[in-house]
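Two complexes are shown next, each including subunit A; its partner changes from subunit B in the first to subunit C in the second.
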Partner chain A sequence: MLEIKNVSKNFEKFKLNDISFNLESGYIMGFIGPNGAGKSTTIKLIMNLLKKDSGEIKIFGKDHIDFEREVKNRIGFVYDESYFYEDLTINQMKNIIAPFYKNWDEKMFSKYIKDFNLDYTQKIKKLSKGMKMKFSLATALSHNADLIIMDEPTSGLDPIFRREILDILYSVIQDENKSIFFSTHITTDLEKVADYITFINNGEIVFSKSKDEVLESYGVVKGGKDLLDGDTRKEFIGIRETNVGFEGLAENPQRLKKIFGSEILIERPTLEDIMIYSVRR
Partner chain B sequence: MLNLIKKDFLLAFSSKSTLIFIILYVPFILFTIGTDNKFIGSLMIYTFVYMLTTISFGYDAQVKTHILLQSLPIRKRDIVISKYLSIFINYTIGFVITGSYLWIIKLLGFIDVDTFNLSLVESTLPIILLSLSISLPSLFRLPPKIANIINMFIYIGIMNFVIIPFSQYGNLLNGLGLPIIAVIVYFLSMGISLWLYETRDFV
Partner chain C sequence: MRIIVSNSSSEPIYEQIASQIKGMIIKGELEEGDALPSIRGLAKDLQISVITTKRAYEELEKEGFIETMQGKGSFVAMQNKELMKEKKLKVIEEKLTEVVAESRLLGLEYKEVKEMLKILFEEE
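So, the complex of A and B:
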């Protein structure tokens, strides 16, 4: 459904370096990374808002520039902030957006507006951030899009709104022909809904794997400081030391278990652990 | 393409500031310039078309609405061409609205601007084409805030150095082939805008 192959983009102070990953139909992929890692740049490249320097981007098996109109007809895009015309009402904004889509479904839009408790006559500028996000979701989901691309949709929202959005995404994905590509730095959201995780840091893909594979292949190792020396430190992706001991993230932690035995404790990491330790490296 | 033109209209006429502009631009120009000047009709049409054509770019400066547009199933080429085509539609609307406004003012017995007639098309259309052909490439490429400042200078510059002198030397300029030059510049500008917009990075 979404295929990114060896894509690079150079800026003066940042480089997106030869990134590759795939998203298949019927899955939610979480795209994680710290601020400035290249998440929004990647999404802008997918949407042809930025020109790639090299590489290939295919959506639904088609080049995203050669078939831009056809491809975008099947994409629902949710932004990290509101890019709507603030002086317009929800209805006026809908009247601008709807004619561009071949498969715009007015009934579905009305249903979402009702479900989200939005008012057609309300001006966009009067909506709260959560309401704007809901409106953005309503437009993205009302033209039978097969791929939903979301750039930090839950950032700045309270937990109740975030949960509602995640529930909506979960219901969308029940149709196995649809996929969701979801960038965020709130990794707890992804632990609830994502099937795949792609982690980007400093413009490079660290990994792109199934969520279970990611969580199983890493471990948070805890032990006494006396266990750490030049050789053992190399086994860790990142280490945090305190007065009483250390805590570190390791790939293949079972290998460390064989070395240290009961002197260490291995815990299942969260995505946040993996992200934080990898960034601190 | 039609949807893009429709979008600009919906946008322009849904905004309070545009409606206030439409209501006030004729009296404002009449009171600030006076009715004695020959160029007053040209200035009214020029102001109206220039503002209506460029107003949607103003939103880009406020909330980056161009990013919304780029996410819709639209080719960049269509966005550029529709804007250039909309100049003619805006011109027709500008001519009709300005003419009707002046006619109503005359009927009410306030002011009679006798220089406003159909012959103005011959003199104003080439200038408007020329002026917007200079403006649009920067609006399609540069960051919105910078482009809007440049745009304002172009508007004032054309008004002072072309519209006003044109009322005296119009026949001479038309004789020198201004309409043909305007058409050539229009198509050149469209080509440049297409290239600039299609290769633009929307950061």
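So, the complex of A and C:
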């Protein structure tokens, strides 16, 4: 459904370096990484808002530039920054957007406007950040898109609406021919909904795996500082030491359990733990 | 049908789902031919990923508890009650073996473990 192969892009001070990952249909992929890791750049490359230097991007099995019109008709795109004309009303803006899509579904759109408590006559510039996001989401979901791509859709939104968005995402993938790709730094949202996690740091993909696999292959290990020496330190991806002990992220923590037995505590990591320790390294 | 998953449990969520459905089948709450929720519907209801529910169903299928028919969904498979009970007993035996091993490590005696078990039983 979405294939990124060896894609690179060079900027003066930042480089997206040879990134690759795949998303199959029927699944949700979360794209995580700290600010400035390359999440938005990657999404812009996918949407051809930026030109890639090298590599291949295929959407629905087709090159994203050679078949740009066709491909984009089947993508619902939600972007972090509002790209609407601020002085227009929701209805006017909708009338501009709708004709671009072959499968625009007016009924669906008005259902979302109603569900989201939006007002057709309201000017875009008068909308709060959350309402803008809702409007953006309503347009993305109203043309029968097979792939929903969202850049930070939940940032700046309150937990209640974030949960509503997750429910909407679940509704979308009840159809197994649809997929969702979204970037976020709020990893708790992903912990629930995502099937796959792609982690980007410093312009490079750290991993792209199923979420369960990610969460099972790491462990947060806690114990006394006396356990740390030159050798044992090497077992950790990242360690946080305090006066009363240490806490570290390790891959394959069961092996450490064998070494230290009951002297250490092993907990299931969160995606946030994995992100933080990997970045701190 | 009731499935409750804990996000803070150390048991993986797919295992929690599989073992609860298994339990319902063993206790007879779910009978042969009964339809299970769809993989995607269950993911939505439990607010977990599709892959996780899929994995739970795959596990159940592998062990012969359910059958999945393309395009129709998943159903409780024909069960051999005796065999099932035996399987369950084997699981308990394995878990008790672990308990014994851990107890030995700690130098606990049979009497102490027995007392613990008794208390746990009575708590229920």
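Heads up, the rule we're going with is that the second predicted complex is superposed on the first by the 281 of 281 C-alpha atoms of A that agree within 3 Å, B and C clash if a C-alpha of one lies under 4 Å from a C-alpha of the other, contacts with A are read in each partner's own complex, and residues count from 1 in each chain.
Just so we're on the same page, a residue touches a chain if its C-beta (ideal position, glycine included) is under 8 Å from a C-beta of that chain, and two chains touch if they have at least 3 such contacts.
It should be emphasised that the depicted structure is a prediction, and the values quoted were computed from it without experimental measurement.
Clash-free side-by-side placement of subunit B and subunit C is the outcome of superposition onto subunit A. When the two structures are aligned on the shared chain, A:68 is found in touch with subunit B, with no touch to subunit C. Subunit A has more of its residues touched by B than by the other of subunit B and subunit C. Contacts of A:216 after superposition: subunit C is touched, whereas subunit B is not reached. In the superposition on chain A, A:49 makes contact with subunit B only, not with subunit C. Of the two partner chains, subunit B is the only one touched by A:83; subunit C is not. Of the two partner chains placed by the overlay, only subunit C lies in contact with A:170; subunit B stays clear of it.
After overlaying the two complexes on the shared chain, residue contacts for A:95 are found with subunit B alone; subunit C is out of touch. Remark: least CA distance from subunit B to subunit C after fitting both complexes onto chain A is 28 Å.
Looking at subunit A, you'll find no residue that touches subunit B in one structure and subunit C in the other. Those residues of subunit B lying in contact with subunit A across their complex are 3, 6-7, 10-11, 14-16, 59, 62-65, 67-68, 70-75, 199, 201-203.
Listing the residues of subunit A that touch subunit C in their complex gives 26-28, 166-167, 170-171, 173-174, 176, 191-196, 210-212, 216, 268. Of all the residues in subunit A, the ones that touch subunit B in their complex are 44, 47-51, 68-73, 75, 77, 79, 82-88, 92, 95-97, 99-102. Note for the complex: subunit C touches subunit A at residues 7, 10, 12-14, 40-41, 43-44, 47-52, 55.
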